[in-house]
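Presented below is the structure to which this report refers.
By letter and in written order, the chains are A, B, C and D; residue numbering begins at 1 in each of them.
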């Protein structure tokens, strides 16, 4: 089977190339048609196999179809032509029963294989055949954000999941409210995130460093379509560094600038019932430990202070605000004045405990214009203008984390590999 | 003066339709209601497509989008496709088997009014606290936490219309089992009757699961039960199972009668008998049987585990085999025929490649591992519109156009029908073909908006443009209907030179259908008489009195009662009064019905002899 | 409907036949009571669950067949279609129960 | 012919299936029962899925008492037999006896229903086991309650048939109605057989 499979694959690669040229395969950080992970690659193979089978079927049907329509139209000169009233034909009927069965078997066998393979969450074995320690992350879905907790590591974060590249990460998923579904199309297929009682497990293995876009794929309320998250695949060394940096955070660190300090006070008075900084089990709202490193705000908005202030002040629940419709973030923040919100925003944007930021991961996959959409922050900086750029600088220097300023320079991941 | 006369005429006609138990008139009721809801659902689809015309669009709000999306799916499936299928079944099945009417004319009318009031109930939600917003699948616990009364309207509205459907289903099974004319053996039944029969069987066994699911949803939301609430030990997955145990057979309930339509249209216009009749029947039964064992293919990503996923994957794929048998049988019916490209035929020919694509993407979805990528993405949206619009809707329109002369005695304009077809067909492929790619490129379904710079802009735009083509096509059809009925040119009983029994009587048929029970001498009885006999169906019985059921207003009242009661149950508090009143009306109507003998009346032999025409067509 | 001359004889014949049937019915009833007793007995005697559950399920199934075939006359002619539909219903029912009882929690 | 339908002498062997209307009712009702099978299966399935989810409330083995259930079972089984008796007399054209046995059936039905209400009352007040207590309680009351609702509906049905036809005896018009009502009653019994087995006995066994 492998032999002819590869031949077909070659042909198909050409077809795919043609599609790429015509823009039919989407963006590399989002598209299932440009697999960058173990699961996505397996599934891609299966897709191609099935498409080939379907094309065979379709061609057969279309050939007969075109032939009969062209050939057997009523003749103008002989409208009374009486066709033979055929009852059927056993040989033919057997033929089109048996051939589809064979085609389906060809599809069914790898389907079953892959279904089992993708469901396998047993620990990996090393060369001696011993079980290795697995990296487990607990994922909690909530309306409308994602909580990530690294098991036995005392590290929690939300919205942006850091994983080491080329290592299988084990995910254990549950929801604290309705059903969500965890989907990073370019790395792997999706898995539902069920409420209590039905915990799901899956593995995630990214083959290239990079930032990958994740989507919630199960209708979960008004903000379903903007419940985006990212998976940031970094080198194993960077990953370890990141974990270390994250473990160091207590939430009590004082930021440098005075406004940020005021912001911190306000944050602690108003926001801590729902949000946490530093390792914590999931709360009502997202964990903000490394909020300063986020690529997107609220999962999907451009990361800048204006948006953040608006976010803090927008009502979600009960109102039709289009920024975060149906969002549960409610109560206290709405008594905040513009100034106070701005201070909190200022503080939050300083939260950057680690030099390992999404920027480090960028040169895995995206070298083209995709960068722009992913990193508006950086775009502004390279163009050397805008307030938010200053905010960024501020935040980075005030945090005093040595690597973070590197993070804003293109292609500097190399330098950050200091284990 | 003439105005008052017309008014009285209108009032009488209205009363006639409110009380009718005649299958032909009930068919027309279903048709009108179905087309109304189809336009409503279509307008909702247009809202969806306009919202998705460009990235970050804020044409409608997120909450409203979810309501529109839910109502689009629910309306199209339950209030447009189902009743249109019932419209054709009512108009055609009794005629095709040479029956006087359906087995339970009273229940038939009850079925319609239940469906109708259920549909109205669902749509009342727009004006009261907002429409349901949890998707047509109403997955718990989202549907339980959903605020307002939207989901209550969904649960109670569908419950009421579901009862109607169930009754309709039983009615048609009994009709086919008990009321076939002499000589009409099972294996001589036209395929449309066969598929209507099998679809009814599916209704019988699929709808109870929905009934129970909806009851539990209602109890959870309104009476504090805990079926789906994880905090109280409930389990949301139960809803998914119950919904799909119903939901998957439901899609075959929709498609099988469409298959039936094509199996009538293709032989008629290819001037050939259906190729492989018995394997067509066999395939229909097999699809129905397998259809009950595959529901979990909608739940591959739920986490049922690889064993369950594999079993359901393979079972699902198996359905491609009987369906393939059908496709090839149609192709070989065309083979060697003499094809006339009338508008129903064009719809049938448009259906074949379209449905094949939809079926093929279905098989791709059935590949469980690969479905981890496809699931809940626009790939699925593309799949089911290919099978539903490309299969069911094309089938319904083919059937409506084909049987229009039989139902109304007039002929739709062929040229306009062709325009309708091409606009709709091209628009359809523009809208949905491209959605396969959108899905694979990472666009999940049920998304109120998509973001810029994700490579999704162009295809969404094209898709929206396609939808406008479909809308224009539909408008052409509506225009056609109106001018045809205004002109009102009458046609003969057999305008298409067709093959089956229904074409042997005048169009529209007299209210008692066949004057004498027809004698069926084989498959395609009219064709047999045309080629081997004198072109007329022979009677099986001498002319005698005809027993007819009485009209009744009771079905309307029973349904109205449930409709009113629904509001009481929903709003509770002082509104419980409504529940008491409503259930009172329903129970009272039922008692009235059972205490008053309804023996029907007779059309006398002498009157029949006076009638013009001999009940068969020359 | 029935021919008048023969009707009395027929009536008598049918009565006899009905009596015969009634005897079966009473026998059936006795068996059903017995099965019920056994089922309750097993549970009250606290015989191991592994043994009890299959047995009481089988007893229930047999009771149901008794009801269907004797009390509801499915053994008489003219019941082919009802039997077909009941068995189809039982098939769908078994699938439903099986699924809900096994693949809902994991 | 219409008037023939109301004559009550000279009934054929199977009066319930002698007319087309009767045959239709007979068939249609059987098919309906096929659908009811799936309806109850869905309820049973749900119950099986939730029977071990008592949340904070009591569990099955804590509350179920077998004595009452046993009596209820016997009552309902007996009512099945008495309704067979009623049909026996219908086929023999003996209207009075049919009414008598139907009356007994109804009485047994009410007894059953009374016990059931008592049982529910007892659970709610004795064990604080209400409808909203837990997923298990909801599933239990819904399944058993649906059955109870069927019993209640069956009683109303049979009683109205008895009253309506009290003065006119059996004929081709009402024989099918009586017959399908008795089919319905048997079906209720069929469901109960599974309820006492799956809910109560299996609940006790654990």
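By our rule, contacts are C-beta pairs under 8 Å (C-beta built on N, C-alpha and C of every residue); 3 or more make two chains touch, one makes a residue touch a chain.
The model shown is predicted, which means the values in this text are computed figures rather than measured ones.
Participant: Please state whether B-C or A-C has more C-beta contact pairs across its interface.
Facilitator: By the number of C-beta pairs in contact, the winner is B-C.
Participant: Centre of all protein Cα atoms: which chain's centre is nearest to it?
Facilitator: B
Participant: With chain centres defined as C-alpha means, what is the inter-centre distance between subunit B and subunit C in Å?
Facilitator: Chain centres of subunit B and subunit C, defined by C-alpha means, are spaced 37 Å apart.
Participant: Averaging only over C-alpha atoms, locate the centres of subunit A and subunit C and give their separation in whole Å.
Facilitator: 56
Participant: Quick one: report the Å distance separating subunit A from subunit B, using the average Cα coordinate of each chain.
Facilitator: Subunit A and subunit B have C-alpha centres separated by 39 Å.
Participant: Touching at least two other chains at once: which residues of subunit D meet that condition?
Facilitator: Answer for subunit D, listing residues that touch two or more other chains: 27, 31, 34-36, 38, 42, 45-46, 49.
Participant: Name the residues of subunit A that each touch 2 or more other chains.
Facilitator: In subunit A, 197-198 touch at least two other chains.
Participant: Can you tell me which residues of subunit C touch two or more of the remaining chains?
Facilitator: Each of 81, 85, 88-89, 92, 96, 99-100, 104-106 in subunit C touches at least two other chains.
Participant: Chain pairs in touch?
Facilitator: The list of touching pairs comes to A-B, A-C, B-C, B-D, C-D.
Participant: Touching subunit C in the complex: which residues of subunit D?
Facilitator: For this pair, the touching residues of subunit D are 4, 10, 12-14, 17-18, 27, 30-31, 33-38, 40-42, 44-46, 48-49, 66, 70, 73-74, 77-78, 80-81, 84-85, 88, 91-93, 183, 186-187, 189-190, 193-194, 196-198, 201-202, 204-206.
Participant: Touching subunit D in the complex: which residues of subunit C?
Facilitator: 1-2, 4, 7, 10-11, 14-15, 18, 21-22, 25-26, 29, 32-33, 36, 39-40, 43-44, 49, 52-53, 56-57, 59-60, 63-64, 67-68, 71-72, 78-79, 81-82, 85-86, 88-90, 92-94, 96-97, 99-101, 104-105
Participant: Given the complex with subunit A, which residues does subunit B contribute to the contact?
Facilitator: Counting only subunit B, the residues touching subunit A are 58, 61-66, 133-135, 139, 141-142, 145, 230-231, 235-237, 270-273, 275-279, 301-303, 305-306, 309-310, 313-314, 317-318, 320-321, 324-325, 327-329, 331-332, 334-341, 349, 352-353, 356-357, 360-361, 363-364, 366-373, 375-377, 437, 440-442, 444, 446-456, 458.
Participant: Give the list of subunit B residues in touch with subunit C in this complex.
Facilitator: On the subunit B side, the touching residues are 173, 177, 201, 204-205, 209, 235, 237-238, 241-242, 245, 292-293, 296, 303-305, 308.
Participant: If we count contacts the way the header does, which residues on subunit B are in touch with subunit D in the complex?
Facilitator: Against subunit D, subunit B makes touches at 103-104, 166, 170-171, 173-174, 177-179, 204-209, 211-213, 215-216, 219-220, 223-227, 229, 232-235, 238, 241-242, 245, 545, 547, 591, 594-595, 597, 599-602.
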